[in-house]
Every structure is written in C-alpha cells, then in structure tokens.
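Quick one: the structure is below, and I'll ask about it shortly.
Chain naming follows the written order as A, B and C, and within any one chain the residues start at number 1.
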C-alpha cells in the first residue's frame, strides 16, 4: 500500500512537472474572460431594454412560442423549445428569476456548455499523454524494469488521472467563479434553481420539480460533469495504452468527442446511437430538464452507458498493458 | 592498441581485488542470472531460438553478436519487457516473468539508450526510481550520484545533459537498488573514447565489488577488453559460450608486416614456409589497424616463428618497419566458430 | 547536492484528494436528487405584485406599452421583422414629448382570439397587462380567414376560403373578440387599448373582394362599437390602406403587410393615440 502511494506520488509529480496542468490553467485564464465579456455584453443589452426581468422573461417565452409556430424548424428543436418555454413559465409563475447575473450562475452556465467539448478536451491533455508519453520517450523501459508489477504501475496512473480530472474540474469552476465575479459579483450561492423537470413526450411533468440553491446545483452539476469527464479520461487512457504516440491518441480521442457532439445534434432519428459513449456525455441536460439528444435517454440510461464504456476501457487497458511486449 | 593496453591494466587491478574470499565463495553460489532454453516468436518469426547461458556472481559477462542478431530482444526478455514464448529467465533463483517484483529487485539495467524524464532534474529522476523500490533513501541517491560523478549537475534538468551524462545518470539509476546484476545494452554506443575508457574502468570496479555485469556489444574488442566470459549470438541462436581469451585464441590471429621495400618483403614472406600470406583475409581485419599500417601484408604465422622471419627479412634487406599481431574481429571469430559456413561479408 | 525540501507532493496530493472527494460527493448528491429528492428549498411566497398603472398620460413620466395579439403585431411579412409596433411607439413618443417604452412584444403568430383569451389567464400575461399604460393589439385575422380555409390551397389566391362558413361563424367570432376586450379591461381598468382593425388582403381577387369586404365591415364595426362602449379604447382603421395598389403594401405571401405596409399602419396607430 505504501509502495502504491509512492507510485501515485511519482505519477502525480511527473504530470505536474511536465506542466500539463499549468497549460490547462493558462487556457482557462485566457478563455474564461472572453466568455465573461460576452456574457456581460448580453446582460448589458437586455438591461437597457427591459425594466424588469419579468418583462424580459415574458418576451423570451413569446419569442420561443413564435418560433414554435413556424413549420420550418426541425422537430427536435421544437421539443427543446417547448421544454424551455414550460420551464421559463414555471419560473415566472413562481416569481423566481432564472437569470440573475452573478458568478455562481455564470459558472453553472459555463460548466453546462463546457461539458460536451471544452472539458473533455482539457481532460485529454492529461489522459492521452499519461501512458503513451512513456512509450514515446522510452522511459517505459525504466518504469517497467523496476521490481513493481505492471498492473500496479498502470493502476497508479489511473488513480493519478482521476485526481487530475478532479483537479481540472474544480479549477475550471474556480477560475470561472473568480473571473466572472469581478464583473457579476461573487454572490448567488443561495439563490434558488428548479430541478426535477421531467419530459413526458412533448409535455413537461413538473410534479417532481423542487428548488435547490445554486450552490447545491453547482455541486451536483460538477459531480455529473466529473462522471462524464472520467469516462472520456478512461477511454483516452485505453487509447493511450494502445497507441504509441501521444499525438495519435489525442487526435483519436478528439475525433471521438467532437463527432459525439455533432451526433448529439443530429442523431435524434438514429436511435441506436444512444449506446455510443460520446452522445451521452452531456449529463447536465438531465439536471436542467432539457430534452436529451435522443429520445428514450434518461439519467440512469446515460450513466449506465458511460459506466459500461469506462469499465470496458479499463479492462482493455489492464489486459493489454500487463501482457504487451515492449519492443521499441 | 595502446589505449586498450591501458584499460587492460585497470582490468588486471580490478581482477586482483576480485580474488577475495567473498568473491571466491560467490562462485559456488547458484548463478545470478540463468537463462534456460529461451525462445521468442514474433508474428510467426522465430527471433530467439532456444538460448541458454548462466552468469555467475562477480563476473563480467559479454553478450556478443552483430546488429540484428537478437541481442536486444534477449535483454528485454531478461528484464520482463518482453514475455518469452518458451523457456525462462531466473535472477537469483526467481523467475523474472512470473515474479518480476521479486526478481527485478536484484537487477539494474539500461536497455538501449538511457531515457530519463528530461523535464525533471537528475535528482528528481533518481528520486522517482528510488521510490519504486523498498529501502532506497536520499543517502543512497547521493551516493550513486557521486559514484557516477554527476554530483555537480544533479540538480539540473536532464534535458540539459550531454549524452555521456545521461549515460551516467542511467547507470546511477541502475545502481540505486544495489543490484546483484547490472545489465548494460551496448553501453559504449555514442560515447567518445575517453568516456568509453572511463566506463570500462567503472564496470571493472563494480565487478570487483561482487556485482555481476552483463554487457552486450557488437564489437569483439569491446568484449575482449571487458569481459571474463562471453556468449556469442547470431541469428537468434547462441553459437558459443566460454572464456573470451580462449575463444579468441582459437580464432586465427593475423600478423601484419610493413616493409621499407614492400615488393621484396612480400616476396620473402611468400617464400618462407612458416608464413601464410593471407591477402584474402584483408576484409576480416580491423580497418583502423590497416589504416595505421598502409601497404602492410596480412599473414598467418605462429607467434614463435616471428623472430626468425623478422631476422630473415632483415638479412634479405627488406627493411622491416613494423610487425603487428592483430586481434581477430568478430567476423573472423565467426568464421572460426562456424567452421567457415558463415558468409564473411554478411552481418 | 542536498535535496531541496519537497512540498509539492503533500500539497498537490491533498488538494487532488479533496477535489475528488468533493466531486464524488456532488455526484452522489445529484443521483440522490434525481431518484430520491428531498423536499427542496422553501421559496418565499411571491411578494411581487405587478406595478399597477394608472393616471392620465399627461401626468406620467413615461408610457409603458405592451403589444399582444397575432402575426400582425409580431411583424410577419416585414423583411426587417419590425412590424408596426416600434415605429408607432416612436412616433407617439415624439408627439407626446415623453418616452414610450415597449415592455414586450408578446404577440404569437397564428394566434386566434380564443388562444389570446387563454393566454390572458396566465400570470405572466396578466402582470404584463396590469403593468401597462398602453396595449397594442391585433387579433381576429386567423379566426376569420385561416379558420375558414377549408379545402387547403394557397391563401394568397384566397385558396379554399369558404365564404359561407366565415359568414356563419362571424357572430361567434365577434363574441370572442368581445371576451378578449372584457378580459383586458378587467385586468387593468386604466389601460388604453389600441386595436388595429382588419384590412382586406384579398382586395385584388375579384371574386372574393366583395364578400370579404362585407364580413370585415361587420367585424370592424362590432369592434368599434365595443370600443365606444369602453371609452378608453381606440380602433385603428386599416381597410383603406390596402385597397388601392394593395400589391405595393403586401408582402410576398399576399396576406401580411410588407415593411411599407407596416409603416403605414404605424402612422395610423400613432395618430389614433394622440
């Protein structure tokens, strides 16, 4: 056990010294202010227009209702808008502002938008590299000729990956909160958010709806984002075991993640696509109560699909890594 | 040849101290490394075919073969980087493949290039590998850094190291666990002559302290200078195992003659029944030696007969400029070992 | 050569572990919330009451307007998507010499009078009406024309419009308009209502011109009567705007006005309100 801890320490220190995490923080520091600025512009433009958030919300509902009357918009967009209208109506009826500008709200929205693409890509920066870099650099020969069983070496890498995925997510939330707080203020932890919207065909079932604080919402959302980020990480880990070069494993995974986000937008009629891991990544839709990419997907379904993929990836990683010949 | 002689001295000194009681006892212990009927087939091709040899405690063991003969594959099987198709490798009695965590405790190795993490300092690298094994503290890291004389640069990033320094860091890493067996794969590759000499002396020292050293090389002279015993591998099979010097003695040595008057000299040698002028063997000889003696005549002649032949040449006025015995190259050794079956120009 | 004190691992290891624990906790919470939710946050009961409007326009610092109704208020047919609402309010603002603020264009394309009536039962709409000083309204076009379109075909050619059906339904439709007006008035006793009456989009289709015109005259007339009875309501006539050269002022669908058509309506609305 002590030895295992030392192995984890080694791997953690390696990733750190390689400055992978530093790059991720830099990316965040460069990009988050851009999003904050965009959000600020949106807030400013609506501020001038409406006396009251209620008026703005009414307008949004009316606008969406109008969009729904058009025959030209695709069916799945309609579904999405119907859900949105019903949610906004729910907020309006209970006199709760769903859009108060504050850092917690911004962070929640940011995470929600980042879960499909941005966060997976950041996770890949560590996950795609963690095994293949040892092979590309030849250091794997040093690593595997020490008196430690191979599965322990791989397990220590997996634990390290988990730790970094967590660190990346918390850092993303923290940077987003700290930067947006400069503009929107650091409050909002206790503001209410409604969760538990359930879609029943095209109708919204609000019987299970209850309010939680935005702080709790953030924690739940982070938890769900963590689960999907871990799935991406573990699959990238497997690819990193199978492929010698970091670049190849990174490109493979990026293609998978990006095609997932494309499929999620267009595969509503291809039903068996829901068994792919990459269309199940956006778990936050279930928290928000928006329609899932493909009909029939639920939180439980997506979690099981992701878990099965992750378990398979771990099994393959260990089976291959403990047996493979290090030829070059 | 002169530099070789110097290293030879170092070796002699080292072997003097080898003859301590401890080392003598070690000779009767089970072999440190025991390779038993090892084979490896990759994609239907037999890369390694049924090889066996033992390395005893405190001995420097050479593993000689041309490039592509299976040296590296074998070494990788010794340290569990490649799983053998059949046969087994025992280190201090432990099966490397079945119990790597026990067997590899006794092994330090550098397989091919000593690749370390360039983004960390030498110390951090050593610290990293030290943590993978029980009972290696800061004191030991400091000690090995001093042994390989890297102490001045140990806190610099490895990517700033020269090749020689990296090699030394690799050796430091291999020595961390005070192994019973040190495996070095072509350790002199990329080193300058001074570095090579230092390395030889260093290996001799380690062996003197009771460590077994397993060195692979494709240069016979290298092995000759360094090793006690040798296994010669070719085409995935061990074709000879034994004492280096005995083996070299078996191989036909050549003698080069350089005359003031080459025409006369060649004629005299050709007429002498004790001398066999072997112009055809020129291709087998070490090129650097030929370069030093341009126009020299390669011959085969018994050592005892040389004074007589020299006297005769002198009397005939050929003007002997130099007579030099030439160590056989790997190629000529192969010729001897395989009874001339092997194509001398092949590798 | 002494090693430097290494603080990286203790800090990094602890932080990573804390992050992982936090996220696992969050994940667990999300699962629990999805499948076994706790009662949830008690919300303060809505304390907000809609700001009641009232008083003479002359005494108000600012006129708050809303627009409700169907596609005409939405601005369908105008390539710029503006419709008449913004322009008329801007002109009104100029002539009144005070700001007129649009507190939302809540019109929904395709809405019929019954649908509007239903929308006015929603809290959002009620608040909007209650807080307004002026309501701009169009409704009825869909009741009269779309609902009478039986056989399908292009509405531009007056396709499938069943004149007899439209005539038969007219009284019922007029009752629906009455109900809408009554509801608006009950929601806000002080609000001024501007109803933009209907024009004849089929003026150029000879067979339909006369029958439709007579239906529209009936409808607009009944709206005018309701307005007179109310006292704080104006009916803005538009029939004449689309009689001569109607093609110039109708959009490509031959049903809704185009930008120029809306501009003419805007002028009328502003005049009627001043």
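Here, a contact is a pair of C-beta atoms (placed from the backbone, for glycine too) under 8 Å apart; a residue touches a chain by one contact, two chains touch by 3 or more.
Just so we're clear, the structure is a prediction, and the values are computed from it rather than from any experiment.
Q: By count of C-beta pairs in contact, what is the leading chain pair?
A: A-C
Q: Using each chain's Cα centroid, which is most distant from the centroid of chain C?
A: Most distant chain from chain C: B.
Q: So which chain ends up closest to the centre of the protein, judged by Cα positions averaged per chain?
A: The most central chain, going by mean C-alpha position, is A.
Q: Let me have the rounded angstrom distance from the C-alpha centre of chain B over to the C-alpha centre of chain C, please.
A: 92
Q: Taking the mean of the C-alpha atoms as each chain's centre, how many Å separate chain A from chain B?
A: Here chain A and chain B have centroids separated by 56 Å.
Q: Indicate the whole-number Å distance between the mean C-alpha point of chain A and the mean C-alpha point of chain C.
A: Here the centre of chain C sits 38 Å away from the centre of chain A.
Q: Show the residues in chain C shared as contacts by 2 or more other chains, in ascending order.
A: none
Q: Mind pulling the residue numbers of chain A that touch at least two other chains?
A: Correct list: 9, 13.
Q: Could you pull out the residues of chain B that touch at least 2 other chains?
A: none
Q: Taking the complex as given, what residues does chain C use to touch chain A?
A: Per the stated touch rule, the residues are 8-9, 12-13, 15-17, 19-20, 22-31, 33-35, 37-43, 46-48, 64, 74, 101, 103-110, 122-125, 127-128, 131.
Q: Which of the residues in chain A come into contact with chain C in the complex?
A: 8-9, 12-13, 16, 50-52, 54-59, 61-62, 65-66, 69-70, 89, 92-96, 162-164, 166-167, 169-170, 192, 195-196, 208, 210-213, 216, 219-224, 226-227, 286-287, 299-300, 303
Q: Hey, which residues of chain B end up touching chain A in the complex?
A: 42, 76, 79-83, 100-105, 107, 109, 111-113, 115-120, 124, 128-129, 131-134, 173, 177
Q: Quick check on the complex: what are the chain A residues that touch chain B?
A: On the chain A side, the touching residues are 3, 6-7, 9-10, 13-14, 17-19, 137-139, 141-150, 323, 325-327.
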